[in-house]
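The letters A, B, C and D name the chains in turn, as written, and every chain counts its residues from 1.
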Amino acid sequence: MIEMQDVWKTYPNGSTALQGVSVKIDKGEFVYVVGPSGAGKSTFIKLMYREEKPTKGKIFLNGFSVEKMKEKQIPRLRRSIGVVFQDFKLLPRLTVYENVAFAMEVIETPKRNIKPRVMEVLELVKLKHKVRSFPDQLSGGEQQRVALARALVNNPSIVIADEPTGNLDPDTSWEIMDIFEQINTRGTTVVMATHNREIVDTMRKRVIAIENGRIARDQERGEYGYED
Amino acid sequence: MIEMQDVWKTYPNGSTALQGVSVKIDKGEFVYVVGPSGAGKSTFIKLMYREEKPTKGKIFLNGFSVEKMKEKQIPRLRRSIGVVFQDFKLLPRLTVYENVAFAMEVIETPKRNIKPRVMEVLELVKLKHKVRSFPDQLSGGEQQRVALARALVNNPSIVIADEPTGNLDPDTSWEIMDIFEQINTRGTTVVMATHNREIVDTMRKRVIAIENGRIARDQERGEYGYED
Amino acid sequence: MKIRTVGRHIRQGFLNLSRNGWMTFASVSAVSITLLILGVFLLLALNVNHLADVVENQVEIRAFLDLTADSEDIENVEKELEQILGVESYTFVSKDEGLSEFREGFPEQDQDLLEGLEEENPLPDSFVIKAVDPQKTGEVAEKVLKLPHVYDVTYGKETVEKLFKVTNTIRNFGLVFIIGLTFTALFLISNTIRLTIMARGKEIEIMKLVGATRGFIRGPFFVEGLLMGLIGSIIPIILLLVGYYFLFSYVTSEFLILNVMLPLYPLALQIAGILLGIGAFIGIWGSMMSVRKFLKI
Amino acid sequence: MKIRTVGRHIRQGFLNLSRNGWMTFASVSAVSITLLILGVFLLLALNVNHLADVVENQVEIRAFLDLTADSEDIENVEKELEQILGVESYTFVSKDEGLSEFREGFPEQDQDLLEGLEEENPLPDSFVIKAVDPQKTGEVAEKVLKLPHVYDVTYGKETVEKLFKVTNTIRNFGLVFIIGLTFTALFLISNTIRLTIMARGKEIEIMKLVGATRGFIRGPFFVEGLLMGLIGSIIPIILLLVGYYFLFSYVTSEFLILNVMLPLYPLALQIAGILLGIGAFIGIWGSMMSVRKFLKI
């Protein structure tokens, strides 16, 4: 369960990204976050796992009071969420395998359980042949899929994905969407910021449209909108 | 004029990205490069401005013999090309303005000509209000547009764009495509790797499809293909 | 933290070290060079101190006995001397020995002038006394003067006081130098390690975003800092000990004075211990301090 | 390269320095500390050398004239002495002056013994001579001995040779130390600046991809390296000069010897020049070397 109550965010340099956002996402929901470039989608997402702190307002996630919580608690919050970052955020000195395994080592998974699970998710995103590569030896789309594998590897109860298909061809994008659909049917909450009209309009889910830092539309089984 | 003759590329770690690519792109053409993730599109593009050297084969661009040229000549080659990198490659310690101006300073443009031109292209990509921001203070799409502005600022005779709309919403993407169309009608060669089926199928141009390191299709006024 | 996590940190620490290639090389060599300088001056200071000790140990007290003192009185004085705290050793010098010593001080050509002294020796019997702590020579001399049958005591008061002033000044400067140098070495090393690790601020950010606790992030950096410090101190230790060995041989053979430099044996262990300790401690400290900076938010 | 590009490089160099915040601080302070150490030891070495000079300059030759030499002969010797290359100064000591000097060497109680000498002075007239280069005292003494009416020459051959062996050893060690220290300082500074700039390898890559020539990329780094070196050397220069000033005052007032330390005036300029030069040179060099690494491909 994710809830925001009148959340505002102004960055230290003065640019305002969110202006009074209130929203509630229930457990097991699948939500698209859409909106023009610079509207505040990533900011909206970053507040959930406390990469950013709101200037004003309250945020709750799985019982955590996100904006109030202590430094020491943050890792626990983040471990319950799998995040696909818009800029991937892979560790440059670790191989593909190690990057994905890192997320499992962090929660002190026994070593013997790590390898099979890592190989399983890498299989899922079709990157088993790249396990030994470093991030800078991958194509853009491959990096994005590693980021996705890392987000999924711990079977988190919430998956947050920021533009997870931005660097993928339509076929691969659909394979990824199938994965999201699957984990969602198994009860995982999925929040996904996207610009992909084809996907939003085909795989109908709840759509939250953010424009200029405000929620402009919140629609069950909505479509992408913004026809030009 | 860009020409490749039987070009092969195997990276030092052993992964083969291109296997015998031959292609000729005339001055003033508009070419889409499409293909699945990891097919070799970025590699194909990187060879043109000598970010990578081919393992085998010949490459010519605007009279340069790209794979043979001396270190000292490379800057001259790159200055004749405007590149939008898939991962943006903005200078993190420079502001938006400085990043774009950098490309003009490199060719020793008189200072008084720099400011108006930089503001002009930033206006074009709708980022005039972010001139003083640093790259890490921008949204993904904003960063991508700065990269685009930098590629265009010197009015290069060739523009190479790797996934220039990957982080942009459809409306903004179309605005960007309008810009490409405009500079193309003014005689600029445009080579653009993309996953955007909507764009390719709507704005019909020559399509080069790369699959598994080989040119699978090369079609005037082609469509995206790969229907699933 | 579980045992397997500790194992992982150690493995990862080694891995980072090797994947960081030139950065590791640059910091380890900076640590080495800094510790080398520190080691050289530590050896120098210890030897200067030693030399000052040797010089100070030359200071002796001369206690003159009454001309009337007989052998029994002399024995009594000896017994008393044994009782005095701070007396390290004493030697009896009879009036005859005293005279020949005195005559040795004059050049050959003047010996005739002193001929007359032989017949009626005007010199008294005396004791040559060394203090345990040469710096306390004055105190000991005073105590000796109070003994019966001792009519005068000399130890070259002014010269000795000047000497001690010099040796103490040298010692103090040496100490200040070494302390200053140690701090600058600490600063330089932690600074280098900082530069190495701070170049990885982005990575630490990412680890945090993926849910790593502070302890988990610190682990490999701890190992890395420790390793950099240890590797960086082994090289100067070897260089210093080999260099010192040859210098020692050279100096003792060239100047034929055995006592002028400290012998290698206990010194080697001390220097090795100090440098390894500093290396390890500062390696860890520098690394932890820099990581902390990024762990704050 | 056009003038406006040079202007841009300078501006950009300053800008990078300020935007790099803590990195700049870390390297500049490392440069400062390293140069401070170098400066301290440079001052020390120069002063030790000076002290050795002072001690060596005490060495003098005593040339004894025939007992028969009359005042004309003495004048002749004086003239000859003036001709000898390597003689810095000479003073005539008459036989009477010689005797009172001799008597001063004896303790009060022995003065009566020497009374008889007064009547029939056995000492000859003599000259006290200083060599321009004290190390060449022996050679000069030989030349003096060949003069007419000079029947003997002494300069404490053995003592002086031992003294020169000691002072030369000290000088050589000092030189080795300073050279070694200079190289390690050069290494440490260039290393730090390297670490700072190498953390920006990615940026250099990007500049190249945007079509910047090597020269264009180097420009601001050149300025940055120069500035880091200069700023890093100003701090230790100030500290050293102030510190030296106070030490100088302390030592000259405490020991009441004016000549024991080099005076501040020409020394200050030398030290400032050396440190600024090293700072600037190594700043630029370290920066250029690290940029070069990335400019290769």
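What we mean here is this: a residue touches a chain if its C-beta (ideal position, glycine included) is under 8 Å from a C-beta of that chain, and two chains touch if they have at least 3 such contacts.
This structure is a prediction, so every number in the text was calculated from the model and none was measured.
Common neighbours of chain A and chain C under the contact rule above are absent. The chain with its Cα centre farthest from the Cα centre of chain D is A. Chain A and chain B, compared by their mean Cα positions, are separated by 28 Å.
Averaging C-alpha coordinates per chain places the centre of chain B 67 Å away from that of chain C.
With each centre defined as the average position of its C-alpha atoms, the distance from chain B to chain D rounds to 62 Å. Residues of chain C found to touch two or more other chains are absent.
Contact of a single residue of chain A with at least two other chains is seen at no position. Arrangement of the chains shown, judged by which pairs touch: one closed cycle in which each chain has exactly two touching partners.
A complete list of chain pairs in contact reads A-B, A-C, B-D, C-D.
Of all residues in chain B, those touching chain D in their complex are 49, 51, 74-76, 78-79, 83, 85, 89-93, 102-103, 105-108, 110-111, 150. Interface residues of chain D facing chain C in the complex, by the touch rule stated above, are 22-23, 26-27, 29-30, 33-34, 36-37, 40, 113-114, 177, 180-181, 184, 187-188, 191-192, 194-196, 198-199. Across the complex, chain D meets chain B through its residues 1-2, 4-5, 8, 16, 19-20, 203, 206-213, 216. Taken in their complex, chain A has these residues touching chain B: 11, 13, 15, 34-38, 41-42, 86-87, 130, 133, 137-142, 145, 162-163, 166-174, 195, 197-198, 224, 226, 228.
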